[in-house]
């Protein structure tokens, strides 16, 4: 199994580095093009409510007009397939794990449209591991999410794999490329 | 230390069994007589809120007019010095631990006035142990509560002592006698 | 320093106990302690096991024994189901099984995966079976990652590292029998006498039968069971007899007969149907979105806001379909919404409508009328329910 | 069965990556992963360590590193502080210490008590010291159950079985030195160069000095320090230099000079004072109810609903008293209420007002004006705060 682990890790990293083969299937096209940003969903909002009642967190922004939105909110464009606590609210940043945690090298992938430039970006969602549930800014969005038989497209797994501990803390969202529909 | 443990356990059990010596100090008189039932306190109420919003639990009553009140509510008369989750909401009863837990043999004591008969009862608060936090019906009332230097009168300790596990689940409140001011 | 008795001497001297003070009525009696409750070894059919994911402390997941008919005291007891745990229920053996993961220092240190065996009456552990390799699949709760086979004498556990495999465990013998590699396939559906079916990434399924040592005796793949791009099936099925009924993201219903050694997809093309008022359209949505009752009706949790990515948001109605006729027989409105549903096996079955953020409501499954709300008196984050069969 | 590469081949073939599609602007750059944040080894003075009791999962307590000046991102990191844990902070050593309890199966099995040593920059464990006997006192958080002595080279830990004792631990040597029986006494207040004071059930205190092996070198009792029946002192003190300032349930202030080998209660009879509007009366109320600033002012959390049993309910104002003059200099209104308070050591000190159910508000300590609310962005159940000294 160790050999297979190495293989899949290499594939996952390869994908994250943006070196994968140029081909596409219909399903990703459907997501990558013309997909508007989903509103925050009723149940996700309800789950998040106990931790934000009576207080408006000031927005966490990039300062770059080409990357607009509040990184503490579920409706930020990069979070189109995220599931978990936003690392921006947990001591990390949109793409950095909080101190004390370890970033999982194996990830799931989303394809999210940036409303500023209209591009569909490939987003690597990396779980941060080894510290207990952050408990802040819980989000669940599922654009392009598919059943667990397609792991790379599924956010229900605990992706704290090949880390020292499988305990889940939060999820980061890093840009790893631009997706093109052929 | 073992001998001392046995001694204190014996004392605690003796107290719980209602066989202690007949004497009193001023402080207990102040609590035992004329103390009205405290309202549920603002912070306790706030802590309980996330788990009861939008739903009114039907009352849990004794059926005995001499033991009035709702055992799922912090203002039930026996809970005048409780701190924790009410076992009535956790699979136990007012004086019984939930299945799967073990009742701590060592307890703290409160003296609570029963509004139906005007008597001050000695209440033994026994923690239930070995299962994680129940999470239901959190209450904190402190009539007669004193600093930790007087353990029997302090509800800040985790009283899951001399049980297989010190993990706290909920707190029960059993009548162990009637207190008299001399 | 003070003598050993100081601290309690103060407390003891502070309280006077007597058996009666005023004339009438006599005081309330002393109550015996210690006192610990137990449950009936056989749970009534209105009860269910509900998985509490406990998102805010995932290391501390639980399974809650729930009396769905008792809004005053629905929570009957809590069983530990640590860290993305799973639960199985064997009423005939009066046992509950949890598949769990522990670390020696809560969040760090040595990892131990284990199955714990719990007594239904005492809710205390009767023992555990340690699982090798630290590879137990951790996911938001799916029934398909922990399943019985071989007449409930064995259990099968999904592994994910992300290499995929299944560990075979002999419950009665309290030992691990072996491991079956299943690259590219996920979830376990009991199939035949001593086997299981798994769904694979190319849309096929594979059915495996095991020998009496737990090794693969036969393996057979059936192609084109689902189109994962266009009509992916939700992972958890509803069982009517030995047929597992799946629903797709778009509402197609697919029955798969698991009675024989090889799973047999049913030919009937069924659907939950359509309705007005969707924006853009009605689709199944939630976590445990499909359930069945004892009479063989299917219940599907539906959202009017169906579109790409809406499939886990939760729904506002339950649509009832009779797979024998393919007709929709009822629409049940859920006042509070739901992310998961289940149906009790009572003579008058009830619908358990759960929300991931806590609230649980109970409906009459036949009439669709609300019975009562249990509010958030049960679990922090209920994911799936196992009604007493 | 399928080949090992099936599952990822599907995913890989589904996505096409390119470096630029449209004319302008160029796409956002790829971002490096993995990427993990770290903190400055020396924390700014607006930061604090806040204990999260996590009542709903006590096994999973935490300590949170907080930037009180940053309402957008106040939570800088989380440290495990399991099961009624305690925290100490040694900025000069760039270390944080937690006293914790673990069970091998989360809630059951073998118990381990340990001190964990955390690096301030990485928030990762640098090691642990296992404590013998499984007797570490578990309480709602009191600073007095885990304290430094001997110039932060040693720590003292309270035990409660309910037999009371203190374990002496050499942090630098990573070893347990010994245990001191303290029947009838609770809490630890560092005293002298290498000793501590403890409060006892008859209202006295006992001061103990240790030898260089951690054994008792001297012990001295001072009687009548408090009247536990009528004027009990809250357990946690505010420190001004080497004087610990306690407040009683009724608002009396008692300074105790801990500079020498034996604690010396100050003679001055001070009080928080009174005010109109109490029903029945203003009293101190909350958990960490007293704090001090760098200038030597005391801050006491006050409730207008003071009566027997109100002492932990939390307050609506903070009263500022100058112990040098005995005068009350200010009343600060807390819009959201609080159960615990602390004062930062910034040039312009700030008041941290915490509520056990989550919300944390920040005030200007000098003017009493609200600065900002941090809402519930930090902890489930904040009990005590340790501002950066």
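Per-chain numbering from 1; labels A, B, C and D assigned in written order.
Going forward, contacts are C-beta pairs under 8 Å (C-beta built on N, C-alpha and C of every residue); 3 or more make two chains touch, one makes a residue touch a chain.
On a predicted model such as this, the values are computed, not experimentally measured, just so you know.
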Mutual neighbours - chains that touch chain B and chain D alike: C
Pair with more cross-chain C-beta pairs in contact, given A-C and B-C: B-C
Euclidean distance of C-alpha centroids - chain A vs chain B, Å: 46
CA centroid of chain C to CA centroid of chain D, Å: 39
For chain A paired with chain C, centre-to-centre distance based on mean C-alpha positions, whole Å: 27
Distance between chain centroids, defined by C-alpha means - chain B, chain C (Å): 34
Set of chain C residues in contact with two or more other chains: 4-5, 7, 10, 56-57, 59-60, 80, 106-108, 162-163, 181, 183-185, 200-201, 228, 380
Contacts with 2+ other chains: residues of chain A: 4, 8, 12, 25, 27, 50, 131-133, 135, 149-151
Residues of chain C defined as touching chain B within the complex: 4-5, 7-8, 10-22, 25, 27-39, 60, 62, 65, 71-73, 75-80, 118, 121-124, 336, 358-359, 373-377, 380
Touch list for chain B against partner chain C, complex: 4, 7-8, 11-12, 15-25, 27-28, 50-60, 64, 66-67, 72, 88-93, 95-105, 107, 109, 111, 114, 117-119, 121-122, 124, 126, 128, 131-136, 149-153, 169, 172, 174-182
Interface residues, chain C side, partner chain A - complex: 55-59, 83-84, 101, 103, 106-109, 111, 134, 137-140, 142, 160-163, 165, 181, 183-187, 199-201, 228-230, 232-235, 308-314, 337, 339, 355-357, 381
Chain C contact footprint on chain A (complex, rising order): 1, 4-5, 8, 12, 25-27, 30-31, 35, 38, 41-44, 46-47, 49, 80-81, 83, 106, 130-133, 135, 138, 140-151, 156-158, 160-162, 164-168
Chain C to chain D touching residues, read off their complex: 1-7, 10, 54, 56-57, 59-60, 80, 82, 100, 102, 104-108, 112, 114, 116, 125, 128, 162-164, 181-185, 200-202, 206, 219, 221, 228, 380
